[in-house]
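Here come two complexes built around chain A, the first alongside chain B, the second alongside chain C.
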Partner chain A sequence: MTGARGDICDVAVIGAGMAGMSAALFAAERGLSCIQVGNAGSLLFASGLLDFLGVHPVPERQLWQSPLEALAALGRDEPDHPLARLDADLIRSAFESFVTALGAAGLAYAPLGERNRKLFTSIGTIKTTYGVPRSMVAGVRVLEQRSPCLLVDFRGLREFSAAQIAATLGRNWPGLRQQRIEFPGYEAVPELYAAHLARALESGELRARTIARIKPLLGDARSLGVPAVLGLARASEVHAAFEAGLGLPVFEIPTMPTSVPGLRLRTALETVVSARGVLRRRQASVRGLSFGADAATITLELDGAAAGERVHARAVVLATGRFTGRGLTAERKQVRESILGLPVHQPASRAAWHQRDFLDPSGHAINRAGLLTDAAWRPLDAQGRPAWKRLYAVGSILAHQDWMRSKCGSGLAIATAWGAIEQVARDLRATATG
Partner chain B sequence: MQTQVLIIGGGVTGTALARDLALRGVDCILVEKGDLNAGASGRNHGLLHSGARYVAGDRDAAMECRAEGEILKRVAAQAIEDTGGYFVAVQGDDERYIADFPGYCERSGIDARRVDVATARALEPALSEQAIAVFEVPDAAIDPFRLSLESMAHARSLGARLLRRSRVVGFEREGSRIRAVRVQSLGGAPELRIEAEQVVNAAGAWARDVALLAGAPLAMTYSKGTLLVTHERLARRVVNRLRRPSNADIMMPGGTVSIVGTTSTPVAALDDIHPTTAEADLIVEEAACMLPALAATRYIRAYAGVRPLVGAAGGADARAVSRGFALFDHEDHGLANFATITGGKLTSCRLMAERAADLVCRRLGVTQACVTATTPLPVAAECAWTEPGRSPRVWMRAHGLEDTLLCECEMVPASAVDAIYAALRAAGDTPTLTDIGLRSRVGKGACQGAFCAPRAVAHLYNRGDFQARRGLDEIVAFFGERWRGQHAVLWGEQLAQAELMEALHCGLFGEELREEESP
Partner chain C sequence: MSTALFHPALYASLALCALGLAWRMSAWFRVRVGPDACTVTPWQRMVAALRGVAVALFGRRLFRVLGALVLDALLLRRLYANAKLRWLGHQLILVGFTLLLLMHALAALVSEKLFQGYQPTLEPYLFLRNLFGVMVLVGVGLLWFGRRRERSGFAQARAFLGAAFVALLGFVLVSGFLLEAHKIASPRAFYRMTEQYAGTTDAEQLKPLRALWASEFGVAFADLQQPIAADLVERGRELQRDACASCHAKPASAFVSYPLARLLAPVTGLMDAAGADTWLWYLHVFACLLGLASLPFTRFFHVLAAPISLLVDAAAPQRALSAQPYAIEARASQRALALDACVRCGICDERCSVALLARYLGNPDLLPSHKLIATGALAKGRLLRSGEEEHALRAAEGAFLCTDCGRCTSRCPVGLDLEDLWQAGRGDLAVAGLAPPAQWVQARPALAWAESLEAVPRQHGLAAPDAAFAPLSADRRSFSRCVQCQTCTNVCPVVAHSTDAEHGIDLTPQKVMNLLRLGLSDLALGSRMVWDCASCYQCQESCPEGVRVADIIYELRALAVRRLGSVRSRRQAA
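And then the complex of A and B:
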């Protein structure tokens, strides 16, 4: 086993969000020894939906049915966009690998296909996405057909109102009904938390009581929508039990973070990367990097729970995210990269960071700030040269993208991680043979 | 519609005037083009002046502040946090002014007590090590929203009427009299014609536009002031810079936060007033001389208001124009039943109302004297939710099954939203999420509404108050309003918060695509 304390591992991944997890996963799958530093807290803010590319160009708010056609248009209009620098087939393979790995960890996704899918959210908006958990996929068909459907929610789950969804979507969907029920065993609890309900539903007895409460309400409904609380680690089993018990398709509706699908995603990713031999330093952060005199290794000095530990790697992947992930730090006068102080492509002054209208169609310029890299995903120094020959950057820290408006967050993370790890493998092979 | 007095403008002055007149038995209607305190009344630092700020430049204003401050502390205690205030000089400040300050205070009757610098720093650890002189004065913090909401609630209980979202669009004149005022509701209802014996223009910064519509030109200038809100409260007391009024020379307690300001920039127009990044930077850098923690602290909001200043545009510094108030009877404009009350300060709003009411009553032949200096402002339950820290107390005491917590930053329970909603409904209004925000702490914590606004909307749907896709429109409008106060202070932790908010509202919910993806 390489990568243990004192040894040199092939690749160190800094960050454990969607991009860091993807990089660790893909590195392990390629047989590279890998150590990953950072906690996966940001995954709790994931919705469970895997966006590929839904909107382009952002200011025109043009939605795409086909992410591949969207990607082609993006490539023509924004060649600097990180996704535009990757081959479409390669991105699809990356998605397939990612979803297959999640499936192996018990988190099932619907087959990916070539099209984006639409489903409705907990506030009644319609979301275009690509990878959909199997527990949500019936919602896609229901929305297309606008067939008779019952939405059920639970009193006390504050961020989810079936009445709100039914009212918002009801004008063009006469068969959409809603009911509110008490969650069994929680009748005296004022505030319910999705994660508690999800855990409770893993108990066969509570699940049976919940199903029994819903069944008489179904009427002519041909499907049932519920907030995303159908189990945590055993979500597939809970979902299947609901469908069997009620005799119709059941779908979860994505909710506000921190969400149960986010928890499932985090658990599944942690399980799968650990199972593939990635060493994880979950509660650690990176205080600094130093580059060996021989230019062959890079040393990470850890902080937090692993303070004092040093990790040596032949390559480092920076997947530290943006401001929420702490990869970028916004000072009052400038944005800087948090660990190495790498140059950040950014607007000239803070006055240009944000639009005065929150939903301005163009989006906020600060969201397109980030690291510039060369074609091999290596971040550039102030002179425009790679900062170090085997330092790579992936995910949302990259410049020239606005994942929130383009609806390409997961795609950006998964695809750039795939691209960078492929590059890492190539570069390490070249070193070994060179 | 008919009334004795039509009041135009629902800020602190207009609402105080409605209450004053109602207490004298005079029937009145208040029309407000937006919501209560939508102008400078809701966009100031909430300082109840001891008067010490004006001792050197404007002794009359100083004495007026002292007297009015004392009155409000007696009659509106529920809206006031009587913190006391410090005036602090730091190294490099004008020694002469420091030396003269106690004398200035004394001749205005203001109780200023010198405090040893070490003692002051022990009591207010945020003060700079560079502090060289500290005086304590009877400054206090006042919640202008609570003041206006409760004044209006009291006036209504005495028969006054309020029309929100109603803009004056014309005056019907007959000789020297205004016979009626035409009012357009923003809700699209047919134009109203209100016949009034007297009309009072209390439109604050908009007083010039209103007066012009009535045929009475007024000389007014506008000065924009920007303030920043910190994430945490950094001092117990009001902290003023001990020097002549200048930029960024005050930090106010605002319940659980501190409010830092202000700036003073002449502006020509009243629309599109918003805080800028340059103003935010100026405040941070300048105020940090007195309170170094301000350079590193987290800011959650900025806001800008426009001070209406009476008088012609003079020099470059609007601070040179009087901050005193002015009452115009417009008789020289040939008008016998129109008056304008404008200018002034939050601290003097009661007095401004008294003077305007005196004029109106004289014209109406009403002889009842003003009683607002001695009549306590009744506490109105539905108006109390603007008070920081109240929600958690109430919620902890009476946490019932049906009373879930909608906002976790400021701990606003569903019952608060219900009470506010019910009070607005009872007055014939259609409450919006933004209305609820103005009357509570919803959206005022660190998340700036990212989580509590959708919860409040879900709650209103569950109650059956919201129908169709209204909730989506309300969420978008609410964030639009919150964002106006955020973009100038987005750096550090608060930028991460804003990013999270966009990830949720755009990344997941796609609210910017609501037209493309019409449900």
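And then the complex of A and C:
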């Protein structure tokens, strides 16, 4: 492991969102020395649910119970889609590695299967996803069986309404009841915040008082749904204590971002990546890249909190995301890649960026803009050749995908990171032996 | 030459100096800094001090005290670590002046007793006196040069008295050199000496001697024929050996006075006629006596107070290590001593972490060296007199905006425990009813402040001058990225622990950011969020958009002191 500044590491990952974290994690697990640059804050927008592939084709909004069958269909219809370029078994191994690592950091997920799962959200809508945190998985069976269930929420927690869920789902679910209670100790506070409740519930005393307030309300309910506030760092312990204290399955209902499950995911990923030996520059960004004269190394010039620092790497993985992650910049006439100015595959003119109707089910051309890569995940220059021989791109910055509408955000990030890191390892080995 | 006035003046100065010293030193036991200092009497403090001296002299701490005497008080190692140039200047003055005092001024008590046949006009004393004098002058020059390079942006408090004392020191040196130069060149002095030691004033008889003294000793005879015959000089040398040599060496080694004597040669006759040897002597000696008498009343009292403070500090139980609390009897005296021991070097001001804020608010009392004076003025009751209200308010602002970072203490060349002094001073301010900004800001809700601000013309708006001091709040780009995701609020421990509806947090961090986005920062200035922020930086580190939330909140606090302070004084005036 190269550590000190000035050393050359194997991989530099730019970006600390889902794709950047996956790339850093997989690189470290393969024994590559890795430095990661970027703020993991965007993970706070994650729901904690890990989508694989839920919808295809997008215009028809067709939902799939089996992500593997969906992947096969995607491969037939859209061979350029980044996910379609990866083998199904390989994607599943990537997911397994990812949730195993999260489990090691204390964030437990229900065992992954071959099927997507359905659960309901804080506004009563149904969400199809693949990887579900253990604290939420009881909600999947409850929704299937529509068994008697109590939803409890807390006065003052504005982002969550049990009444709204009951109003939406109650028509076809007679056993669904809801109750609003005061969160103990916060009776005088007008507005509550999920993370504060989560932290408060890690204290045994407040937890016991909360459980004591809920218990008399249970009635004939066979399960309990609560907003996702059951602990932060010690979430497994809090969830287990609720189930033991109430004597029935308890499930968290995902809340609007930024949410407690997002905080947990960020903390777990930061913990596990650091524990695997990845050097991190958290409050930093990359000002520019320069390629060594010998073509063997690439130098990153850092900015932000690490301004002035230079990092040398044999390979670079670009995981900078799209517009909100600032990997892509939308200018008046065109979209630009933010760090290197790589050519972006995009509509010919701004007029073609969007459909006439904002809510058009097909989505917009701009959503499928992004970087084109060769088979080895290397972004292409204007002539269609790899921009540099060991520069790779992963995650949502890639072209030919609309992850929001396909419900494949986590899958895209985890799978392309897996594919690219496998390629990095191969290429570095070839350099070493050749 | 009549010196009749000398002895009365000497005794008067000595008496003044002694009285002054007694008065100033008694203040170390009289002056009470900090409310806890009021719990002990001067008598208890004096007893504690005597006991402390006994313990230091006969205990294990003696070696530490001796070490401090050599390393800190004499070699000034702390000053050396901070400012090498000033250390050099200071050492030159200290060594040069001490040696001049012993060898020259107190010659009757020291040099004549120690060195047989001591005469000020013999080698090596001639040379050494010039050397020591030049050392002091160069030292003063270096300190003046160093002072000019300071960048605290505020005039040093009571600078005039200090400058006057330095000027007096320079005058003593310059008048001394002039006196010596005149005596070298003066024919009148020559004749007085020959009359006394050769028993003649006859010009013909003295011709060879005059020839020698004119050519080799720099006497500026107006009536000497040029050129001087060599054989005459040789004959003069024999006379010299018999009559003068036991007391007079060639003055060429007086490397300042001798060239000066040659320079003065054309006017030496005039000066002789005007009795220059007498009045130059009076000027020189009376300047010395004036310095002696005024020493206790200027900040140069530190020549005594600073070394004593260093020794007391070495004798006291170690600040951080000691298990037993440091008795208030001793601490109270040490605080009062610190007020005198401060040398006003301003090194603390250069390192002060709120120096920028001091310039922004235009309030020098944020800076340690100024704050120390204000603390003393408050302890002595001067700050509470009528007419001092503005200064008292400034002192309170300075005391309570201090972040207790401790840089001043760690850099103080005199090793003062400034933290303790600041804490005591804040206690005194609170007792005097001078509240910290947080207290008066929080006495009214944020909305009430915003309304008061609205009533004032927009001249205080976030305009150009603020951008230099509040760059983040003045620049939209620093907060426009905020997407109101609530992450800052979710991770904020202050919001999390605010479970009291009445005194709880009124605005969450993300709401403060939103007010900035809306151009309504006035609404945030008096908010509890801004004033209760613990600066833990969780918000800033978690922000997905990289907004520097904590930095902006701290900046708003500085803005609030200025902007709300302006409305506050209007309200009070009205």
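Just so it is clear, the second predicted complex is superposed on the first by the 430 of 434 C-alpha atoms of A that agree within 3 Å, B and C clash if a C-alpha of one lies under 4 Å from a C-alpha of the other, contacts with A are read in each partner's own complex, and residues count from 1 in each chain.
Note that a contact is a pair of C-beta atoms (placed from the backbone, for glycine too) under 8 Å apart; a residue touches a chain by one contact, two chains touch by 3 or more.
These figures come from a predicted structure and were not determined experimentally.
After superposition on chain A, the partners chain B and chain C are seen to fit next to each other with no clash. Of the two partner chains placed by superposition, chain B and chain C are both touched by A:P190.
Of the two partner chains, chain B and chain C are each touched by A:F45. Across the overlaid complexes, the C-alpha centre of chain A sees chain B and chain C at an angle of 80°, to the nearest 10.
After overlaying the two complexes on the shared chain, residue contacts for A:P257 are found with chain B and with chain C alike. Once chain A of one complex is fitted onto chain A of the other, the partner contacts of A:R199 are limited to chain C, with no touch recorded for chain B. Comparing chain B with chain C, more residues of chain A are touched by B. In the superposed model, A:R282 lies in contact with chain C only, and not with chain B.
In the superposed model, A:G304 makes contact with chain C only, not with chain B. Closest contact between chain B and chain C, by C-alpha atoms in the overlaid model: 6 Å. With the contact threshold set out at the top, residues 45, 188, 190-191, 257 of chain A are in contact with chain B in one structure and with chain C in the other. Chain B contributes residues 274, 276-278, 281, 284, 399-406, 451, 454-455, 457-459, 461-462, 464, 466-472, 475-476, 479-480, 482-484, 487, 490-492, 495-496, 498-500, 502-517, 519 to its touches with chain A in the complex.
Chain A makes touch with chain B in their complex at residues 45, 47, 49, 55, 61, 63, 118, 120-128, 156, 158-161, 163-164, 167-172, 180, 188, 190-191, 254, 256-257, 322-324, 326, 329-332, 349-351, 353-359, 361, 364, 366-367, 403-405, 407, 409.
Across the interface of their complex, chain A is touched by residues 485-487, 489-491, 495-496, 498-502, 504, 508, 541-546 of chain C.
Taken together, the chain A residues at the contact with chain C in this complex read 39, 41-45, 185-186, 188-191, 193-196, 199-200, 257-258, 263, 282-283, 304.
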